[in-house]
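We just call them A, B, C and D in the order they show up, numbering each chain from 1.
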Amino acid sequence: MTNKPLLSVRNLGVRFPSPDGEVVAVRDLSFDLGRRETLGVIGESGCGKSTLSYAIMDYLSAGARRSGAVLFKGQDLLLKSEREMREIRGNRIAMVYQNPYSALNPSLTIGEQLDEVSRAHRNLGKDEAREASLTTLRELSLGDPEGVARRYPHQISGGIQQRVCIAMALLCRPDIMILDEPTTALDVTTEAVILDIVAGLKERYDMSMIYISHDIGIVNKVSDRVAVMYRGEIVEHGPQERIYERPEHPYTRALINCMPRAGVKKELTALNTIPGYVKRRSADEEGCPFAERCVKRSPGCEDDYGLAELEPGHFAACGRAYADERPWTREAEAAARATGAVPEIAGAEVREATSDENGPEPLLSLRGVGKFYRNQKKTVRALDGVDFELFKDDVLGVVGESGCGKSTAGHVIAGLAAADRGAILFDGGEIAGSWQRRDRRALREVQLIFQNPGRSLNPSFSVQAILERPLKKLLGVKDPAERRRRAVEMLRKVDLGEEYLSRRPRRLSGGEKQRVALARAFLSSPKLLVCDEATSALDVSVQASVLNLLNELQAESGASYLFISHDLNVVNYVSDHVLVMYLGRVCEYGRRDEVVTPPYHPYTEALLSAAPEVDPARRDKPIRLKGSPPDPTRPIRGCPFAGRCHKKIGPICDETPPPRLALSATHHIYCHLPPEGLQGAVRL
Amino acid sequence: MNKLGYALRRNPAAAVGLVALAAWVVLALVGPSVLRFSHTAMDMESQLSAPGLNGHALGTDALGRDILSRIVYGSRSILSVALLTSLFSSVAGVALGFSAGYFGGKIDAAFMRFLDILMAIPPLVLSMVVLGALGDSSVGALTLIVSIAYTPATARVARSALLSCKSLEYVDAARLRGESHAYIMFVEILPNAIGPILVEVTARFAYSIMMIASLGFLGVGLQPPTPDWGMMVIENKTVIREAPWAVLYPSLAIASLVIAVSLISDFLAKALIHDE
Amino acid sequence: MASLVLKKLGGMALTLVAMSLVIFMLVELIPGDAAQRILGQSATPEAVASLREAMGLDDPALARYARWAGGVLRGDLGESAYMRGVRIADIFWRRVGASITLAAASFLIFVPLSIVFGVLAGIRAGKLSDSIISFFGLATMALPEFVSGILLMALFSVRLKLLPIASMIPMGESLWQNLEILVLPALSVTFVMFGYVSRMQRSAMIGVMKSDYVRAAVLKGLPRRRVIFRHALKNALLPTVTVIGMNMGWLFGGLIVVETLFGYPGLGSLTLSAVKTLDLPLIEACVLFITAVYVISTTATDLLYGFLNPRIRFSGGAYE
Amino acid sequence: MKNHLRTGMVLSAILALSLSACGGDAKKDAVPSRIRVAEQVPNLITPGVWDGQAFSLNASVYDYLVEIDPESGELSPALALSWASEDGRTWELKLRQGVRFHDGSPFDAADVKFTIERTQDPGLGHLKAQDFSVVESVEVPDAHTVIIRLKEVRPTFIYQMTDYNMAVLSSEYDYAAKGEVAPMGTGAFKVKALTPKESAHLVRNPDFWEEGYPLADELLIYFVPDIDSSVAMLEAGKVDVVPQVTPLIKRRLENLSGYAVVSPYQEQRFIAMAADRPPFDDNRVRLAMKYAMDPAILAKAAQGELGVDVFYNETPIMNMLAQYRELPARGRDVAEAKRLLAAAGYPNGLDVELFYASDHPYSPALAQAVKELAAEAGFNILLKGYPRDIYLSQHWMNGPMLITGWGGRVDPSVLLNLAFHSKGPWNESHIADSVVDGYIEGILREVDDGKRRELYGALQERFYEAGTLINVQVPYLVALRDEVKDYRQPITMLPQYKHTYVGEDR
């Protein structure tokens, strides 16, 4: 830290009233932000990241109580009047939000929403303001800024919307830009583009940034310094490499280790987990906020607690946990990680990769499956001639951008929607398309896990009712005592106790809900479990424990998984085979290692390149896709990816369907390119 | 339950409404048996006597009937008809709205179009025409017709309550268990859609009171001597100058009851819908 | 947009046709013999039979519907069944005109009032002024029109003697020379509508004020006036437009009570007297008109909503 | 009989002449004057079928063959100058000459013939169809003489001509098509504009047969559905006359200066008990009801005083008529009523429905009072009040117990034959008493006044013992501004606006 801090937060506290008494959202929080510096803020949801940013902007709900100081250029923002704050908001400190679509006013044109910022703060006239807006849009390499300015928010795509929001924040050349999860609502490919833009901003516009995210991969990419928040407090902050490579606080370390990342595969290691979940903090709670979940907890934790500078610029609230590891070397850590001997991982079983040598037996085969949704005159081709196989005791990961048809595939297989074309073969025979025509056996043997456990468990039922209903309905267990016994047995398998039987979903945490959902699915001993973004809605620490549980359950039951996810790292971690989809069609299919290493389908290559990398050392020359997938109602003659492909050959791509190109016995892609054209940088 | 208590403490208006409604219910149940005068007895010595005179707390009307007794007795019919109406229209509305929303597609489209048509006839007009044509406004006929007039609106509410739950995955989970449509609609969805439906029931309760009173005013509502509040207002409108109390107190009775129910409905809407 | 308009208008026409059929069937359901009803209990069977024939009551229902609907399309609402020889059209449109004037008068009062107070309550949500406006809105909404009308009458006509108790137009004079007769009926209608619309406006405003884009506008450092009028109001008015449009139809239902109370010579009091005399053709005409007002105002609202809402005005794919 | 009729005729003729002479003098000032009336909304105004709610309009547009002098209650000549019958079966009427209808056509005997024969038109539903079915033929020997031959003796037949439905019509006018929109007669006023259910604008008929009349230039009639609104208009000075007000309004207006409430005649409210079905098929039950009644309370309920403006008896005859026979007051005797009920097989009381028009003056209050009074004797009366149109079209003549308003018939025999003969078209109490029938037929045929009086007396005694009705006589009230002079309205209910004027005393 060579420069004088631009923003200095001192002992900031924010409290909200609630039915159960006052809760603390931000507590005794202090940090400095220097000029031209980017501070990344990470933490799980409910840790107060967003509250921090709104507290800086002095935009909290009426009941909130604030304490401490937010010094901006030496002046305390908390003491400023609404009128004085107006001069700062959008002018000196600007914000970019998680969901660009809802942050833009649906009734005003983009141009008007941009212009008003310059007109309010820079006193520009109508034409000058528009000129400024167009210039800024142009600087963010947006083609046709005039066209964008004329349009309404709903007429432009999410990626452009977020660029507009960034442009809006840049109009007055602010001193600080706060970005609150600006890419969370976007597809991975768009996210990569936005992140590239953000990474270049601070140099170009000479400003500081606070970048809030739950994803350490993203934070690593854009930040100079990183602050880790837990339950309203900063538990550690310091230079980005230090935080990533040598975390001192047990929470930081646990958080980083529970993320699946390159090189971590289920055969090698189980994921690290943090027991429990983030709880709200009441006003009268004292002591280390993490103590309850900390593996390094010791009797002294209650008193010996507080942010201390362990080395220049690196602060942590707990210096004792890993003191014995100092001095530390990067090589030692890398070696430890490569062998899977990360110390905290205990009790998790290390699995062997499924061997394909003795001829895998297919459990599920899709043959030319098509699913069309017709509304009015248009037809959305959600699935358009999909073929693939899923083997017994095997995990097939399905990846692709939103709208690629991966969820539809899951629903068609599970029976929620009947395919319009093609056949689904399951366990040797064809099964009926929709649940209405499936028999009890088929319903029992194919189970579905949904993305949002809060929505998949009926909030009006107790866990007992939720678990016993399938026993009665699918397995015909008549005896209530027997049902209860089996429900309890299943609960134990998902690491929940009998006491959960009487609880309702509302009283469960996200991870507990998903465990109950898993218990419900496994009660009927399924042969196939379709996991539709089963861990996407969960915090990383919870995601890790659920992924571990999924692996354990599979090992125990021998069931096969169809694991649908937008997160390549997660798919890479859990899958044996991977299927890459684009616009309702298959791009690439093969064993995991074959798919994630060259030769790739150009789309796979782009996806892999866009994935945020947890490890900052692994930055390479990126491939960036333009725009988003095309209108799914338009019939496609050639390759669906042709329009965005960086390796497009020529008209053949647009006009002729790509051939199936077998790269090995277990690996094929659909592309016009010759195999040698499919090379790329090694990724994983 | 805790949440309700907390919300009630933060919303004293709703508590007032609850107390007022409870007071009306108690009055309706026990009032007639403790009051000094019967609701039909004619005190020929004190026609149009002012409140407080001759033991008539709220005065008498032109026939010497005790206004207080008539209001208290009238609360019975208005409360019971309004309650039955809101229940019937809600049950019918839920059955119709749920079926339409659940099965969707063409059934739903046709159903919605039909509702549009029915909704186009204002409920008051519909009830007035039918009751006027029947020429007989018994409690049963009134309840039935007002229920029918209100069913389209409740069906819409029920339908949208169902639609907000229908896309949730626990419904898909139930389907994948092979549950019947009725089970999914009424066991899986109904408990979760009950918030807006309850709000609708209470709002309908308030509307029913107004509707019954208005029909009474138009002369097609409950028939005398049932002391229907709306009818009391119109009956005594003639003597508004001589005996303003005979008009004012029934009007206030209507207002207080509707406002009480509306406050409760508002509160339920806040507690059951917006906070979720 | 043009195709949307055509589609809506087509839907409206279809609804109107279906509606006319529903109304016709509804009136058909009225028990008893129309001719008998006209002639009374003591009429001889021959008299009833000959009147039945004269009225064409013996034709099949469909033929009668066709005859009636055909007449309505030509602007002929038929002849009153009760006042024989009276063409309904001769008395109907005057009443409609009077009712529209009354509706317009109350519209002019309640729309600006309820929007202003609704917005005020919305942006001051939770404060004292909001509580007062909201309770007043709830209270006026909870008063049936005849109760608020009676209270107004008791105050302004009986006690203060400022305004006429009955809405009579002296012969030879027009409504415009007697505008004071509109005041109390219009106010009575306004009461209910004010409560309804201002509460809608308030909650729309609160919803919009909580939205991400208003938060974004505030955090852009825009003046509060611009946030409220440019960002919030533009969106918060949309649901209100719908509510007002929906209620224009129901307003005519409320007019029945108000017109009866004040003896205002409008469509509402005509409807009630038609019901009381069981004058079926007149009932049909009145109810058809009231429902047509509803359907037309709903359709107009739909179109207006589409016009005001860019998300509908410019639908189409996202721009890359 | 013969003498009586002749005398009446002569007297009437003289009266008419003298009146017209006076009229000539009265009509001196040329200041245009108007009378504004707030009437109830009439549903029908076509003669023959009109429902009796637009007296002002019909009585002013149309004329009748004979009128009733409100002072004397006697017949006076109108379009008929004389009427005579030797035997009560053949009636010869001499018509006034030089009378013209509003459309300019002359009035003659053919019009009278048309008017009478029209009562038998089956497609019309004429309310006098039953009364005039006794007519055998109508002959027209010359343009101004009409001879009516009856099937039976009807010494009081001429009184039928005063009935409000017997307005004299033009034989050339299409009343079926225009009766509701353009009423046309020979009356003192003619229609200038008529808006159904709203208002009628009548102007002076310059060719009116009674010279110098009418006194007013214009008659403005507003049809107002609500009596309170009508009175409000009166108080606001917007109208001059409001018929059919209630006693409460009377009390209020009498406390204000500038208004008068007059009672030109009395009306009847018959509380009818249907004799053809339980429970009132048993005379003991009817008697029990009568014993349960307290006339003083009923009078109070009608906002009046017994014996002053409200009268009570148990027969269909009005107490001010010559035919009335005073019978001893029964007195309220609940114990007797209970005893009678027990004897009739209702020791624990009984339930019965009472139908009435809820928007008719006096009826709702009487219904309440009857219910309360009867309750003590063990009657549990279920009140069924309906708007007047609904009541008349659907419940009247059907219920076990009814309250109906009656009035307008000068000669009681007209009413008796209508409503108390077993074959009467409006026999609402379904009385089928051969004794009563005998008396009625006797009254109708009896030529001798004294004997007829005897029959009336016997009839009333029969009603006292075994009748089917309780009769409460109430005042018909009209509110007037003090400026309104010479408002005349005889028991026929038809106001004679030709005499009325607004302004200073002349």
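As a convention for this text, a residue touches a chain if its C-beta (ideal position, glycine included) is under 8 Å from a C-beta of that chain, and two chains touch if they have at least 3 such contacts.
Worth saying up front: this structure is predicted, and the values here are computed from it rather than measured.
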If you take the chains that touch subunit C and keep only those that also touch subunit D, what is left? B
B-D or A-C: which has the larger count of contacting C-beta pairs? A-C
If you average the CA atoms of subunit B and of subunit D, how far apart do the two points sit, in angstrom? 45
What whole-Å value do you get for the distance between subunit A and subunit D if each is reduced to the mean of its CA atoms? 91
Nearest whole angstrom, what separates the Cα centre of subunit A from the Cα centre of subunit C? 52
So, what's the distance in Å between the C-alpha centres of subunit B and subunit A? 49
Residues within subunit A bordering two or more other chains: none
Hey, what residues on subunit D touch two or more of the other chains? 228, 387, 390, 394
Junction residues of subunit C - those touching two or more other chains: 260, 276, 278
Touching pairs of chains in this structure are A-B, A-C, B-C, B-D, C-D
Can you name the residues of subunit D that touch subunit B in the complex? 227-228, 246, 248-249, 251-252, 297, 300-301, 303, 358-359, 364-365, 367-369, 371-372, 383-387, 390, 394-395
In the complex, subunit A residues that touch subunit C: 57, 59, 62, 82, 85-91, 94-95, 97, 99, 102-108, 116-117, 120-121, 147-148, 151-152, 154-158, 160, 165, 168, 626-628, 631
Spell out the part of subunit C that touches subunit D in their complex, as residue ranges. 32, 37-44, 46-47, 50-51, 54, 80, 82-86, 90-91, 94, 157, 164-166, 168, 170-172, 260, 262-263, 265, 269-270, 273, 276-278
Subunit C partner contacts - residues on subunit D that touch it in the complex: 41, 43-46, 122-125, 129-130, 176-181, 193, 195-199, 201, 220, 222, 224-226, 228-230, 232-233, 236, 238, 387, 389-390, 392-394, 396-398, 425-426
What part of subunit A is in contact with subunit B in the complex they form? 19, 414-416, 435-436, 438, 440, 443, 446-448, 450-452, 455-460, 469-470, 473-474, 520
